[in-house]
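Same chain, two partners: subunit A is paired with subunit B first, then with subunit C.
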Partner chain A sequence: MSTPLQALKKKTNEALGIRPEDAVLSKSYLLVAFAALLIGGILGLLQGLNRAGLLDLPHWFNYYQVLTAHGLLLVLVLTAFFTIGYFYAALSHTLGGLLPKVRKLAWVGFGLKMAGFVLAVIPILMNKATVLYTFYPPMAASPVFYFGLVFIVLGVWMCAFGCFIQVANWRKQNKGKHVPILAYFATGVFVLLFFGSIPVTIEVFMIIPWSLGWVETINVMVARTLFWAFGHTLVNIWYLTAVSAWYVVVPKVIGGRRFSDTLTRVVIFLLVIMNIPGGFHHQIIDPGIAESVKFLHVFMSLAIGLPSLMTAYAMFSVFEKTAKKKGGKGVFGWFKKLPWGDVRFLAPMMAMIAFIPGGAGGIVQSTNQLNQVVHNTMWIVGHFHLTVGMSVVLTFFGISYWLVPYLSKRVLTPKLNKLGVIQTIIWSAGMGLMAIAMHWVGLLGSPRRTSYTTYFDNATALGWDPYLLFLAVGGTLLMIGVILQVYAVVHLMFFAPKGETEFPIAEEEEDAAKTPYWTERWGRIIFVMLLVIAMGYVIPMVEFIVNAPPGSPPFKTW
Partner chain B sequence: MKMHLDEKIWLIISFGMIIGFMLFTGYQTFVLGMGPPSHMETIDPQKVDETAPFDNPGVYQIGEKEYEVVMILEVFRFQPGEIEIPVGSTVHFTMTSKDVVHGFQVADTNLNAMVMPGHIQKISQTFHEPGEYLVLCNEYCGTGHQFMATTITVK
Partner chain C sequence: MNQLIIGALLLLVLALPPVRHLLESIMIVHMHMQMPLLVVAGFLTAKYMQEKLPGFFKKWNRNGLPGILLFVIIMVYWTLPRTMDEALTVPAVEIFKYVSLPFLAGVPLRDSWKKLSVSGKNTVFTGFTMLFFGMGWLYIKSPEQLCNNYLLVEQLTLGWGFVTMAVCMVVYLVYKALVDPSEYE
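Entry: the complex of A and B
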């Protein structure tokens, strides 16, 4: 039971909104995230124009430099800073304000990450780290780039520890109670961030002495496998963040109630448990991994599909129930009762719709033989622009229309809501066009991560050009979308009318069954997660190390 | 924990679909021999030129309408390049990289394999249709990555 002091704290929290110190923290994280969106978006447009054959990039800022920076800014900075800013606001709101030491940890993390990004970006701009964000050895960037990555990871860990301390403190004072659902999501996300970044940290510590010349060679397959153990986990961290808004926030925005609390928590810890070995599906056509191991990993990858399919059911069930309560009729007629004109609903809804083809494509390309058809083609680029660029990022945009005014104690005006609706439509159209063209041209064989080329006027390659034009069209629409979105965030943070904005958290159904307490046993969940990681990684890792070929020296091929 | 009937049906279909993909993948891999390229042999990446068979890269006829191509990938070329083979030939590619990670992809076929330094990779294809096939590197390998290409002419 909560003490009177806590009840009082909770009440003041609700009455006064977020504490100013906590608001400044989240606002700072969000500002960095949207600054990264702006710069990363401009770089994306440059790439789209280049791939369409419309723009030659200068040698002092070539396609691969642009691509390295685009990847780093959008898949690391935008997503990580948004996720942390959002979940720290949620922790503050649902657990009665951040503890002073937790807030301090988050600021230390902020500083470490910013220092890390500066260290990583300088060599990229100087063309000394044109290794793309996957930095596969034996390509070797300037050691400064890798030092930057170490700082970024340390910064993320500070935020993870902060979350664990905050949640542990709350649990100590609320014995026997369930952690509020958004804090439960935050715990899952930070558990994944912490454990998922351990492999890439080991990789970077293998690379640093080698890039400094202290060690002559490196084991290429070990490095690559460690990278994807992290890389794929990161994907599901963004996804879990987006899903938290789908389960908890969207039902409130449409005036409904949450789907079963138990099932929500089951989905969260299933995603946590099954995630990390999924990285192997990036290595389906690699040498040095036996067919039997790859087959085991088909299951490990496809298993992640199950919680996603549970989510799909849950969302549409909530929509139907809420719309029918409002008088919606028929099998599909109730769709009209959903608040399509409210950006806080429309943006995440478009995100969910994009996840239907996005998720289906993911299942298809995890299947070994089909993966061989599309591996490293533009299809893959289309896939992750649909999943990350739409499902995740549009959800983040949708969140920003209430989270930013909640933090800045301002309100979303009808005019700005309209701008948000237009932004969502432009973004969906741009990303949709681009993703369809990318999938299609990938099936025809056009490779990813390659600057514009006709391969010496080869007829097959020339046949791809009409599809690649859509990358320029999509990129241009998306650039307009980026500008509108950044304008909206800045406006809501500094200029919108003053007022109170609610942190929307939907209630459970009145007749909801009690959630069993075993869902709170994070020790067990982490233990099973480590077991699954061992199942996935022990055999191939031992193989890579025991039967390792002589290693590779560093190369600078750019 | 109460669950509606339609939710149970949905979850059973979902689970069945995932198992279905598993079974198809397994059948194709272990019964039809269509597994993804997964060769296990290794090689010293700094001694590729001196190690058989890569000391003599080239196209070798090993049977009636059957060829082996011993190929080295390096920045930014395929060696040998501009391969010619008769229609209906089955070609077995044996590949390795002398430097960074490369990708071996032939447009309009299912040929697609990662080629890593230190590892030998193998993949096969029967060319039933005549024509000029575009061979390209599909893993970023440096400044000239977009020029790393050659052709296979089938006639």
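Entry: the complex of A and C
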């Protein structure tokens, strides 16, 4: 039962909005996220122009440096800071305000991560850490870069512990109740962040003595495997964050109700359980793993598609139900009844639509034979720009149009909503153009992670040029999108008219079935997750270590 | 009825020759995936049997002890290296595997687990944790090939599979010991 104090806290929270201390925390995280978007976006444009052969980058800031910084800023800083800022606002809102010690942990985490990023960025700027954002050996950066990564991981752990303490405290005071759905999503995300970052921590602690020269060689395959155990988990952390808004926020924005609460929770813990060994589909062309083991891993990777298909079904069911209640008719006619002019709906909707080809492309890549065609080509880059750059980031943008004013006690004006709609259209067009061109030129053999070259005017390489031009066009549109988005966030945070904005959380259906209590037993979920990780990793790891090659010295290829 | 169909289908799929060959071609997958899946298949069919033969289970497995004892015996039997070898070379033993794991391990496990007391459950869990550490130690430390059909490196992999599973079980036991559900539920 909830105590009277808790009930009072909940009521004050609802009446007065978020507590100022909690708002400052989330706003700080979001500001860093969007600053990273601005800088990372500019770097992205430089790369696009270079790949199209339109811009020569100077030798003191070369393509690979730009690529490393672009990747790190957007796939690490933007996503991590947004995720934490968003979920801490959700924890504060749904669990009656953050506990003082939790807030302190999140601030310590903020400081550690910022310190870590400064440490990591300095060697990148000095061209001493041009190892790309997938920083696995044999390329070796300056040790300072890896020290920075250690601080970042420690910072993330602080935030994870903060979330666990907050949720455990709420559960103790609300015995037998289900954790509110957004807090449940947050738990899943932070469980993944914590357990997923353990392998990368081990990897970094393997690399540090090697980059310092204390040991001569490193086991590359072990390091790569540890990296992807984390790398793939990170992908699904973004995805789970976006999905949380799809299930909980979008139905409220369109005036509908949530899809089954049980299904939502099942999707969350299935993603948590099956996620980490999915890292192997990033290594499907790697040597040292038997074909049969790869086959089993493909099966495991595709299993992650199941909760995604459940999500797709749930979302379209909610849309149809809501639109038909509003008078929508026909098989597709009800589409018109959806609020397309509302950026809080439009942006995540475009994100979901992008996930249809994005998910299909993902299935292509995790299929052994098909992967051989697209491996390390621009196809891959197209794939993750579609999934991360559209499905995840557009959802984040959509969230920002209500989350930022909610935090700053301001309102989204119709004018800014219009700007948001235009931003979404520009972003979708830019990313669409770029991603399609990347997929296509990848199929024609254009490699990823390669500065512009015609390979001595080789005919095949020259044939890529028209497609690569679209990268520049798409990149330019995206840059306009970045500027509009950053302007919108700054405006909503500091200049928009004062007022109250609601934290949109959809209710369950009135006749919803009761969610079974076993969904709350995280101890069991984590136990099964650990078993699945053991199942996935024991075979290749033993093989890599027992039959290890001599090992690799550090390489500096740039 | 649903569970019966899923269980039967699972058993059928596991018995398909290509599936059987793939799963049996890797030592650890043979023991740690195929065999547990067979148990799961039996576990799923158990509900139907409980409904059809309530008297049988009531008479022979009143307090859950006979059932769990049968489960333990079957499971321990199939952790022995020699039994895997025989399953691969003697068809009768392979058939015995496909019968014993679902119906002599999976079915009694389901019927017994709910009848056991908390301490009974913890004893079984702790016993298996110790068994897994022991088997892990055996497979990792043995300098000889224990199965004629599998290479030494596969044996090592299986050993580490046992150890990592045992570690997971320890994590769970520690969680059970430290976290009091009545504080939350």
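FYI, the second predicted complex is superposed on the first by the 558 of 558 C-alpha atoms of A that agree within 3 Å, B and C clash if a C-alpha of one lies under 4 Å from a C-alpha of the other, contacts with A are read in each partner's own complex, and residues count from 1 in each chain.
In the analysis below, contacts are C-beta pairs under 8 Å (C-beta built on N, C-alpha and C of every residue); 3 or more make two chains touch, one makes a residue touch a chain.
Since we're looking at a predicted model, the values are computed, not measured.
Asker: Determine, for the superposed arrangement built on subunit A, whether subunit B and subunit C clash or fit.
Answerer: When both complexes are placed onto subunit A, subunit B and subunit C end up side by side without any clash.
Asker: Tell me which partner A:295 touches in the superposition: subunit B (first), subunit C (second), both or neither.
Answerer: A:295 sits against subunit B and subunit C alike.
Asker: For A:358, select first, second, both or neither according to whether it touches subunit B, subunit C, the two together, or no partner.
Answerer: After superposition on chain A, A:358 lies in contact with neither partner.
Asker: Pick one for A:448: touches subunit B only (first), subunit C only (second), both, or neither.
Answerer: first
Asker: Does subunit C touch more residues of subunit A than subunit B does, or is it the other way round?
Answerer: Comparing subunit B with subunit C, the partner touching more subunit A residues is B.
Asker: For A:539, using the defined touch cut-off, is the partner it touches subunit B, subunit C, both, or neither? Pick first, second, both or neither.
Answerer: Touch partner of A:539: subunit C, not subunit B.
Asker: Does subunit B (first) or subunit C (second) touch A:547, or do both, or does neither?
Answerer: Touch status of A:547: both partners.
Asker: Thinking of the overlay built on chain A, is A:523 touched by subunit B (first), by subunit C (second), by both, or by neither?
Answerer: After superposing on A, A:523 lies in contact with subunit C but is clear of subunit B.
Asker: Kindly classify A:459 by the partners it touches after superposition: subunit B alone (first), subunit C alone (second), both, or neither?
Answerer: A:459 contacts subunit B only, not subunit C.
Asker: How many degrees, to the nearest 10, separate the directions from subunit A's C-alpha centre towards those of subunit B and subunit C?
Answerer: 70
Asker: Report, in whole Å, the shortest distance between any C-alpha atom of subunit B and any C-alpha atom of subunit C after the two complexes are superposed.
Answerer: 9
Asker: Subunit A residues touched by both subunit B and subunit C?
Answerer: Looking at subunit A, the two contact sets intersect at 290, 295, 547.
Asker: Please give the residue numbers of subunit A that touch subunit B in the complex, ascending.
Answerer: Touching subunit B from subunit A are residues 62, 64, 67, 130, 132, 136, 138-139, 219-221, 224, 260, 262-263, 283-291, 294-295, 298-299, 302-303, 305-306, 309-310, 313, 317, 363, 366-369, 371-373, 375-377, 444-445, 447-453, 455-456, 458-461, 513, 516, 547-553, 555, 557-558.
Asker: Touching residues of subunit A toward subunit C in the complex: what are they?
Answerer: 168, 171-172, 175-176, 290, 292-293, 295-296, 517, 520, 523-524, 526-527, 530-531, 534-535, 538-539, 541-543, 546-547
Asker: Using the touch definition from the top, list the residues of subunit B that touch subunit A in their complex.
Answerer: Against subunit A, subunit B makes touches at 1-2, 4, 7, 10-11, 14-15, 17-18, 21-22, 24-26, 28-30, 34-40, 42-47, 75, 99-101, 103, 105, 107-108, 110, 112-121, 132-134, 136-143, 145-147, 149, 151.
Asker: Provide the residue numbers of subunit C that touch subunit A in the complex, in ascending order.
Answerer: Listed in rising order, the residues of subunit C that touch subunit A are 22, 25-26, 28-29, 32-33, 153, 156-157, 160-161, 164-165, 167-168, 171-172, 175-176, 179, 183-185.
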